[in-house]
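Here chain A shows up in two complexes: once beside chain B, once beside chain C.
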Partner chain A sequence: MRTKRWAPYALIAPTLLLMAVFLVYPIASVVHYSLQRYNVTQPWKNGFIGLENFRVMLTEDPLFWQSLVFSAKWVVVEVGLQLLLGLVLALIVNETFIGRGLARAMVFSPWAVSGVLTTGIWILLYNPSTGIFQQLAEWGIGSPGTSVLGDPATVFPATVVTELWRGVPFFAILLLADLQSIPNDLYEAAAVDGAGRWRRFISVTLPHLKDAIILSTLLRAVWEFNNVDLIYTLTGGGPANQTTTLPLYVARKAVDSHDFGYGSALTVAGFVILLFFSILYLRLSKFGSRA
Partner chain B sequence: MSRVLRLHVPLALYLLFTLVPFYWMLVFALRPTGSTALVPWPITFEHFDTVWNGIGFGTFFYNSMVIALGVLVFVSVLSLMGGYALARFKFRGQRLFLVALLCTQFIPGAMMLIPLFVIFREVGLLNSLTGLIVADVAFQLPLALILMSGFVRNIPVELEEAAMVDGCTRLRAFFAVMLPQLKPALVAVGSFAFIGAWNNFLFALMFASRQDKFTLPVGLSYALGEFNTDFGALAAGGVVAAVPVVLVFAVVQRFLVQGLSAGAVKG
Partner chain C sequence: MRALLVVLALVLSACSSGGGSGKTTIVFWDNNGGPGRTPIYEELIKRFEAANPDIDVEYVGIPSSSVQQKYDTAIAGGSTPDVGGVTTSYLAHLVGQEALVALDDRVEGSALKGKLLPSLVETVRQTAPDGKLYSVPSSGNMDVIWYRTDWFTQAGITPPKTWDELVAAAQRLTDPAANRYGYTIRGGAGSVFQLLTEAYSYSGVAEFFSGGKSTVGDARNAELVGKIAALYKKATPEADVNNSYTQMVAQFTGGSVGMMHHNLGSYGDVTKALGDRVAALPLPVGPSGKRTVVPNPTDGFAVFKNSENQDAAWKFVEFLTSKESNSYWNEKVGQIPANTEVRDAAWIASNQPVKMALGVLEDPATVTVPAPVYLPQYSSITKTDSEPQYQKVLLGELTPQAFLDEMASKLTAAQKEWEERR
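Now for the complex of A and B:
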């Protein structure tokens, strides 16, 4: 084919420009700010302070460590449950039954709902006076006046369930796509060999899904680590900072207190963690080598 | 019998889990204040009047729509260009470009709030719908581009070559042969872009402090705090925010399964 050498570069130029201005330059400037005292509300104090922000973060800020621990707990529990339920859901809607198209559309629909709207919907459900628990109590199930978001014992499971509602469809959609690519004769051959339903799942379905499961789990782990909208609006990180993740901590430093210097140091810590995940992802997906 | 236990019972349970929250919101939005009826009858639109005219959800809706449509157009066009370049050309730095695109998936918007705020303040893009469109496009474009290159690669290159042998330029061949084939891809990528922009919260929260520039998620987040007692208004605001994405989702969900598997995760 006749090809002008500059053509591909012209086609990707706008993307490169946007990435340079809005992704590469900001990352560089975060590193720069992390070495400054930089608070918009106290500009007279701004200036270079070396590694002071990092010293404070690592040695004097219990909330930093607490947010890391909660981030890990959040990611492991949330992604683990999403994967498990997503796999079950994908297997269910992969069966043939009447109304399958409609059922798929309905169970996948929370995928399109924003974190803030999810919070709005679940606050209506969870509220102690007119919520679902009050209704159930009227029917004789449970006790009235239960405030699941206000009670330190129930706030974590309540938040996890809320995010599951929106997150399970992601896994279900991806795994369903992969299930459909399994050739039927594999199952038929296994059935001829006398393999039962469970045996076929273990020896045909799971091996086929392995790559998709690993990669979608990794992607989702990063996504849930970065997920701020829902926790920010549902619990605000509370009660008593119990549900504060690292990115939520950063967002609150940025939005609420405008402490850009310290917030940037926290961001750099987050990038180090994410860098580890992205290297793992690139290794596993071998994405770069295929081109 | 085993089919009932294996298929119908879990499906019914999951449908309940999915649909009860939606229904709960609808009931709150449509029944009068003070009512606890589980079936909203007679229906009232007082809460919609409150949020749309009283609280300003009409303005928020307009802002969200302008942003989402703007993002849809730019992401579609730019991802089409870049995706085509990736799928149909071999060029120096191609692999590096791919890796860079993929790495962007690990950069969270929340962690970019501070530097982007500083940039936006310096160039005067705070409290501007244009600024929010540009930021959303920058964050959504990499994944859209990867998806689009997968779609382009799935179309046989012979189609284009045949047109070019017949004397078409590459550009003419693209518009005459490729574009019609890429219609489902554009629907999928465009819908993802629309939904992503419609749902974006943190950028709008940080970069738009004036109420006349609020988007629906920002308006909704204030509604969560302020009308902690007016659940009817909260629910009506939620319905306003939900309707467009639900409609778009209904269109796109058929493509969703193929679309996401085309390139994003499986590489």
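Now for the complex of A and C:
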């Protein structure tokens, strides 16, 4: 009788402990710092200031709103395009054709490249005097010295393409794995019923992929929202803050200005936004309710 | 009595350096570690250890881009080195955290007394709120225009003496079809630091603050910013708006740019790539003809408060700034030696950039305008806040005057706060 009472607690204790160490403590400490003035360049001013950081953030900091809007645009465009292209690639490499193994390997390889290396590759490709645009200019397309990362009109698409290159394989891998779990009899039955290719895709493939799509888009949306490495190394958030996402702004405030209190407040804002949208998204999409 | 004191001092110093048993190890952080400088320090450390067999120096090379963060972390965690390379751009920040030892008495009682370039000592002192010497200066640096001598000869024009001549030369040397641009602008990380030195060299304004108000917004400063911004994309590569040091120098050494504003710190990079096709000019002057120089951050060595071997640490600092070491170091990196005994060294006469810079600094007509790097918010205002704004100026989204006024009002507020605290 006695063992029964503590045994369940003992069994979940390791999980709780790990969660406390790796989740509760870091989050609590960020929330704690967000209520402080904490700037190592002016230690004499440090101390509790209540919600002052949040007041400044919401009412006096245009860059907060600007970076938030950019983050939203970035997430929607990136996740949307990655899903679309990832699905197309997954469907292609799911077919049987000669050289499929090689095609699959090539589709997945960018995923193995780190963000900083991806940037390295694309900075060379975009280099105004040696990259693709110089080559195009030599063929008479565009003008020499075009810097796509320096022009506010082109910096967004150029950054999007770079991240697409790395992100599409993620969707392709996940969706391909799920595609392969669809029983072939379903397609055969549909074919017997006279369903064409498109009808089979809409009525068999897509419903089957629903959960995989919801989960992968959610995961990817969170990652893209928090993307720092690629944008930081590619554009540094510029020119003129044109590509500054919220986490990049946090990095600038906390790392460059040493303003950890305000940086923490920005982080808390990002955390709350992501939490809210994740819950809303899972509710609306009825995730896991495939009966 | 005196003999007794000496004996006592000897006993004490013996105790503090590990009781005389075995070797003392001191940790030295190089604030600009890399393939260029690390070998120079390795050689100097070898010489030091040979002369001081009881002291071991452990070298740690830290890239300059992350050194301030490393120091912050070390101070917070109590793991600071014994000796560290520091520049005046973050010296105030370290002093504010009470991490360093004032070295005035040490210098007074050593062979360095009276041997350090007064202007550099003054720059270091001005950085600290209490005016003490928290780092022994080792090198002076100066902003220069690096230019391609061969391009100028080809075009048949003489190197510019005024900013208007520089603008004209930049336009003259530009030929986008041939991938040639007369000038390059640093538009990315580190941009505003350079821009301010350009603005003051043009305006001739001799003080950063006048009656407590920042002079950054002076109309003549704005005029210069406007002139530079007008060159963007016309006589400079379009990519310049994102240029940090690396990209800027790559364009210059890669042969697509005719003139570049940086400082003597890029001596190694540019001479290695371009040999005798490159030379240095002082920053041009403006219509007033006055030469006003915003001094570059001064490099030096600091002893950390947490060090348990401060005597050994000082010995190392003294060694690094001695005539011989200081000469060796500055010859290798192409900077202005802080030790005045090095002035007559043979290498200086044959080093055009250093000789030119010394000439400017020694000229009695030169006015130095120290930037307020002692302000805790200085880096935050001029980097985090202002660099993206300067990009807006280059892209034509913000006027030079509005840009400078915004920065000036922040600097004025920070200066006021600093005065009150002092």
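Things worth noting here:
Just so we're on the same page, the second predicted complex is superposed on the first by the 251 of 291 C-alpha atoms of A that agree within 3 Å, B and C clash if a C-alpha of one lies under 4 Å from a C-alpha of the other, contacts with A are read in each partner's own complex, and residues count from 1 in each chain.
Everything that follows uses one rule, which is that a contact is a pair of C-beta atoms (placed from the backbone, for glycine too) under 8 Å apart; a residue touches a chain by one contact, two chains touch by 3 or more.
Please read all numbers here as calculations on a predicted model, not as lab measurements.
In the superposed pair of complexes, A:G167 makes contact with neither chain B nor chain C.
Within the superposed three-chain model, A:G86 lies out of touch with both chain B and chain C [touch as defined at top]. Using the contact criterion defined above for the overlaid structures, shared-chain residue A:T267 touches chain B, although it does not reach chain C. Using the contact criterion defined above for the overlaid structures, shared-chain residue A:V255 touches chain B and also reaches chain C.
Contact comparison for chain A: of chain B and chain C, B touches the greater number of residues.
Once the two complexes are laid over each other on the shared chain, residue contacts for A:P43 go to chain C alone; chain B is not touched. Residue contacts after overlaying the shared chain place A:G237 against chain C, while chain B stays out of touching range. When the two complexes are overlaid on their common chain A, residue A:P152 makes contact with chain C while staying clear of chain B.
Note: residues 255 of chain A belong to the chain B contact set and to the chain C contact set alike, using the contact criterion stated above. Within the complex, the chain B residues that touch chain A are 7, 10-11, 14-15, 17-22, 24-25, 28, 36, 38, 78-79, 81-82, 84-86, 89, 91, 94-95, 97-100, 102-119, 134-135, 137-139, 141-142, 145, 161, 164, 170, 195, 198-202, 205-206, 217, 220-221, 223-224, 231, 234-235, 237-238, 241-242, 245-246, 248-250, 253, 256-258, 260-261, 265-267.
Interface residues of chain C facing chain A in the complex, by the touch rule stated above, are 69, 72, 76, 93, 96-97, 176-177, 179, 181, 187-189, 237-242, 244, 251, 254, 256, 376-377, 379-380, 383-384, 388-389, 391-392, 394-395, 397, 421. For chain A in complex with chain C, the residues that touch the partner chain are 39-44, 128-129, 134, 143-147, 149-152, 235-241, 244, 252-253, 255-259.
Across the complex, chain A meets chain B through its residues 1-3, 5, 7-9, 11-12, 14-16, 18-19, 21-23, 25-27, 29-30, 33, 88-89, 92-93, 95, 97, 103-117, 119-125, 127, 130, 132, 135, 165, 173-174, 176-178, 180-181, 211-212, 215-216, 219, 222, 225-226, 228-229, 232-233, 247-248, 250-251, 254-255, 260, 263-264, 267, 270-271, 274-275, 277-278, 281-282, 285-291.
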